[in-house]
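Going in written order, the chains are labelled A, B, C and D, and every chain counts its residues from 1.
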Amino acid sequence: MFTKKVKTLLAVALPVALAASVVVITPASAGGTLTRTPGQEVSYKPYGPEYANVATTKDGNDACSWYNTSKKDYSGKTLRVLTHAIPNMGKPTALHAKQFEELTGGKVEVEHASFGDLYAKQLRSFQTDTNQYDVVFNGSYQIGDFHSFYAKVPDSVTKGNGSLATLTPLYKELYKWDGETKLFGIDADRHFLKYRTDVYENAAAKAFYKSKTGKELAVPKTWKEYNQHAKVFNGYKPAGQPAGVKFSGTTEITQKGGLMFGAFIDRVAPYAKNPNVKGGFWFDENMVPQVNNPGFVAGLTDFVEATKYMPVGGKNFDLSKEIESFGRGDSLLSYTWDDAWSKSNEPTSPIKNKVKAAPLPGAEKVWNRVTKKWDTPKGGVNYAPYIAWGWSSAVTAASPAKAMAFDYLCFWANEANHKLDLTIGDMGVNPSRTGDFTSDFWVKEMNWGKPAVDSWLSTMQNYEKNTNRVFDLRVPGVSDYMTAMENGVAKALAGQATPQKALDEVAKEWNAITKRVGITKVKSAYQNVIALEDNIR
Amino acid sequence: MKKGYPRFFLLPGLILLIAIIIFPLLFTIRVTFSSWNVSQTGLNFIGGENWAEMARDTRYWGSMLRLFYLSFLTVAIQYALGFAIALFAWKGIAARRFFRVLWLIPMMTTPSLMAIIWRSIFTEDIGALNGLLSRAGLDPVNWLTESGPANVAITIAEVWQWTPFMFLILLAGLLSLPKEPFMAAAIDGASAWKTFARVTFPMMAPISIGAIMIRLIDASKIFDSVFTMTRGGPGNATETPAAYIFQRSLQDFQIAYGSTLALTYLILAILTLTIIGKVFARLSKPRGI
Amino acid sequence: MSLILKNVSVSSDKDGVILDDISFEFKPGRIYILIGRTTSGKTSLMRAIAGLLPIDSGEITMNGENFDEKPIWERDVAVVYQQFINYPNKSVLENVEFPLLRKGMSKTEAREAALASINKVGLSDYLDRKPAQLSGGQQQRVALARSLSRKSQIMLLDEPLMNLDYKLREQLRVEFREIFNSQKDAVTIYATTEPPEALILGAEILVMHEGRIVQHGSPTEVYEKPQSTTVARVITDPPMSILPVSISNGEIRFGDGYAQPIPAKMKNFKEGRYQAGIRANDIEIAKSGGEKGTISLVEVSGSETLVYVDTPSGEIVLQMEGIHDVKVGESISVELPSNRLFLFETNGALCVSPDNAGE
Amino acid sequence: MYKVLKATFITVWSLFVLFPIMWAITTSFKPESAVVNGATFIPFLEFQPSLIGWKAILPGPDSITNLMTPTLNSLIVTAGATAISLIFGSLAAYGLSRFTYGWKNYSNADIIFFFVSQRIMPPVVLAIPFFLLLKQLKLLDTHLGLILVLTSGLMPIVVWLMVDFFNALPREIDEMAMLEGCNPIQAFFRTILPLSKPGLTVAGMFCVIFGWNDVFFALTLTATKVLTLPVAVIALNGTVTPYWILAASTVFSIIPLVGLAFVIERFLSRGSLGGAVR
């Protein structure tokens, strides 16, 4: 009964499949179909109506410009690419794959996966020597798990007029492992504070705050202030509030498995990252986890308190819900990645021009793990921004087509593409090169408000200069450490354990992970993180 | 009869199944004695460390307990509701065919996709349910961030998805019942309730047991709804073994430890289901058909 | 050249012994009637011959070939079941053709033979019907036609008339006799619980009890000289009344009461305890004397009346021609003519049977 | 009273069944703004319907993903796994129904339990070993590989259903066939199989439902070539959850199976499902 159906199915399917393969093969046999001249205009418009409103730009002079790429011939060769779901990274990867195919005649197969699957799929491929992919995408914090499976990025890309030559110095460092560039950085993320100007720059709101607290309202300098503002304005109705949207104090990432560890680190760092204590933020010299020291506990206690001032459902927000919630005007304050920021600057945003950026809040005290005492910071506030990971990609060490793979990535991120990708919000490409930090581009080409852009750019430059920064735990097993931490934090947020008890459990779990992964392995990897934390490189 | 013929029937299926399953099973057993994780690839030998760790893993045993009530509760509700609607769809209902089709539909949907739809219904800020509540002037409920409501939400999603399975099996069973006992009951003047208790229900016992067992097996793997809707949260309030094993094995990539948990789970599940099966068999015997 | 069973035994865990050391030679061209109670092993014996029931020990040979080594489908045994077994998804014609095609007949040959066979059982008008669209009797005729058309060497019929109505039975019995007799080379074994059927079909009777063949012989032989009370009970319908008696002082005495002088045939017997059997139609209502009892049940069947009488010695069943007006609970005396008595040892073995017992 | 209760129950249950489906359908016609700014229910009144979700998944200039190839893959994989499970599963079920197998202390009941117990193992655990197995067999990202793996989960259902079904068919039919010159294999194929259509249909439907809806194995064991429909839909779950696209894809992917509900109902009404589950 079924065999009959299968036969009919095949009778239909086979000709279709054959026809499809003919279409693919035809241009390949003739090499690239697209011919380019130097400096010719680059436009995404031919690639679908969704790109109709995207600006055009001149082709760059870099090594992987459209013109230079069109000179290559990869006819008959195939690249296997594993990337994130559409649109974030998935969209540019697919777009540039199509363009690359047209320019070089090669074939680029793109597989999309959710963030969790992205990690699992490549790790599985690597651990079992299956060699399924030539190019993979990842979060740069996972470098500790993956570095040995990745090929070194050639100097032609990182130096001279390669695509990565203009990365800011901080990010050049972040894509290295033991001094070798292993990640192809196409994005750079920072966490920063986003606040609503229709409260912070509004006389009525300021008066309201003063009447409630007796203090002047200013952009929060500490997490204590952050929480207090959230508390006072929870349920308030700002002047520019979109109709029908309830206002609450703060929108944060609170769901375990939803990148909540990033939010937690933001809140904890200024309490626990002491500029006068060198040699480790996450662990001490003897690899004793610091995750349950009073600094971490203080940060978590704030976090737990803040859940009272979150919008409905706010205790179960992953990154996407955070973006969505703050983007529609749910709350006064938010922090973490750039996305919510971009969202609120989009032309259709209900809170356009009502949001500004500022550095992450600090703390009025900071734990000293050596003296086991709270220190009072210089200037009264300890700032310790978390330099969060961003999207990166890599060419696998086992790939039989490394040259083509690097050419593809280099093209992906060439000057012209990078510039256009920056303007398309949902692609997930954020400023990471020296040229990205001029307000002209954002104000003129993107039509963002100048005050907002200025506050944002100065925040980012502030981070480049700050010397008391926290970085991801870039060691093997980082996912284990982070999920264990998230699980403990989630328990505290849900009220199932006190912050101290929850983090004590995490510390116990961390010891087990360290033991499992191997203390020497973790320790030696952690030295690289310490170098970043202590500004040794 | 020669042995060849009986073998001809059983062996191809059995061998195919064993061939598919034997390697994964043996591999899983072997890997539990290794430390395969994200940074240690391959089958080294570390003795019973994983097993010892599991014994201490309160999160695992907590999820196991949770599974017990979650699976028994959902299957019990599914059975009761499934039986009820099967009785209604059996006879004496207008537009019978319409209702039968309608009530079957949830089973046809992809659980992992429906879990996303359920998430969009229960999501507290933009979800349908709180939207309706607010329109009715009621306060929103923390469907996914409070332990009680979160368990209710998952139960609702599971009941929606799988009651039709019970419904289908039970309705088919009802339709195949012989007519004579019902006539006899009618002649005796038994009330509707008595007919159900004395005739329908006992005659449906064997089929009920089969359906319940299969559902219990599948329900013990509750994963899609939990992982998509709450990720096991708030805290660990809705985490089931399948979700926890998924976290350990595929998110944290602790292949060895995850396999240890899974193997234990498998053994416990087989034991429990065997016992349940025996109990059912005994319960249904005295009334026998 | 015949079907020979040698020491065939089958036992099972659940029901104990099913067939107990059966040895018998079935000759071709003959009809054997297996008679016995429902669980006496008739069906099991047939299933063993057909190969459906594996035997534990012993040997079955057909024409000198060891049957045990032959699988069912090579034994060429035709079976008609008491239930009407046909292929539900095939039409009447297809049902009958099926075994013929399996035997390797060409399509035209098979069709011809099938049509002839269907004609024989009178179903020519129903060729295209599915079995479920036929009455019970018609279904059984399809089954018969299927078996008959095969012309097998062995034909087994397991109470084929059991589930049919009276008239059809009568009719088919007669037809059977003709059909069976026309199959010169085949061994036909016919199982039944009903003695009249056995008598009508004639041939050789095998009486089965508890997995054994307890007596075999021609119908008259078995009927006149049942070798035990068991056989007597099985072979007699309505059932033979069997009562304890004692012989002493030239008298035969039922229980403690009713006594008669011993008939000539029993003169030589020692005094002591025996069992006496008597057929229902040999019993009469006593005009005077006789064994006294109470009527417990009255059955009218056709033109005869069966009266069950409880007496101090045991239950007595008598058959009377015509319809009689007797009521349950009435006292009655019955006369048990001594010249019609079968005398058995207390262990059941036959001592003596009356003259012309078959009448 | 009873009638009122019954009518109420039927109404409430039907609404409950319909609600998520209606919600999915309305959501699939919502623009982003009607989703992320709070719940909306009534088209035109509360939101302006938009085809953005549907355009994203159907072929056309606005398509962000190709669901046609995945649909074809799902069809092939489901049909293949169903066919193999039905063939091998019903053979085994017939054997288990008609013959007695014994090995040491294990009886037919134990063998049946062995089959059914294959469903107990959570697929999560089997992901890695299956991955290694298929890698060794060079079957990763192939239809056959996925079909084999799915078969291990579907065959138990077939065996479970078909053993009961065959038990309900009179043994005398296959005995008769054997007496009439069929060996057991011929008896099965010529007489039992034609009688088993209702049972096979039900078992096949369960296979189709469970096979079509599998996500986990398809996610783990395939990449670009054998992307199945549910996996393609789940891969749309990006940084921002596009509920309107997901809802459209969900509706799209359940349409073929809702057709099955009609088929099942027809079988029910004809009563031919009866013996299938006894």
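By definition in this document, contacts are C-beta pairs under 8 Å (C-beta built on N, C-alpha and C of every residue); 3 or more make two chains touch, one makes a residue touch a chain.
Computed from a prediction, not measured in an experiment: that's the story for all the values here.
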Give me the chains shared as neighbours by chain A and chain D.
B
Name the chain pair with more contacting C-beta pairs, choosing from C-D and A-B.
A-B
If I average the CA coordinates per chain, which chain comes out farthest from chain D?
C
Per the C-alpha centroid definition, the whole-Å distance linking chain C and chain D comes out as 56
Euclidean distance of C-alpha centroids - chain A vs chain B, Å:
38
Between chain A and chain C, what is the gap in Å from one C-alpha centre to the other?
92
Interchain centroid distance [CA atoms averaged], chain B/chain D, Å:
15
Residue list for chain B, restricted to those that touch at least two other chains
1, 125-127, 130, 250
Could you list the positions in chain D whose residues touch two or more of the other chains?
36-38, 128, 132, 183, 234, 237, 241
Among chain C residues, those touching two or more other chains are 71-72
Chain A partner contacts - residues on chain B that touch it in the complex
35, 37-41, 53, 59, 123-127, 130, 140, 142, 144-145, 147, 230-237, 247, 250-254
Of all residues in chain A, those that touch chain B in their complex:
116, 119-120, 123, 127, 145, 255-258, 311-316, 321, 324-325, 330, 476-477, 479-480, 483, 487, 490-491, 493-497, 512, 516-518, 521
Residue set of chain D touching chain A in the complex reads 33, 36-38, 61-62, 64-65, 72, 75-76, 79-80, 82-83, 86, 128, 131-132, 135, 140-141, 197, 200, 204, 219-220, 223-224, 227, 234-241
Footprint of chain B on chain D - complex, ascending:
2, 6, 9-10, 13-14, 16-21, 23-24, 27, 35-41, 84, 88-89, 91-92, 94-96, 98-101, 111, 113, 115-130, 132-133, 148-149, 151-152, 155-157, 159-160, 164, 183-185, 188, 202, 209, 212-213, 215, 230, 233-234, 237, 241, 243, 246-247, 249-250, 253-254, 257-258, 260-262, 264-265, 268-269, 271, 273-278
Report the residues of chain B in contact with chain D in the complex, numbered from low to high.
1, 5-10, 12-14, 16-17, 20-21, 23-25, 27-28, 31, 81, 84-85, 88, 93, 96-97, 99-114, 116-118, 120-121, 125-128, 130-132, 160, 168-169, 171-173, 175-176, 192, 206-207, 210, 213-214, 217-218, 220-221, 223-224, 241-242, 245-246, 249-250, 255, 258-259, 262-263, 265-266, 269-270, 273-274, 277
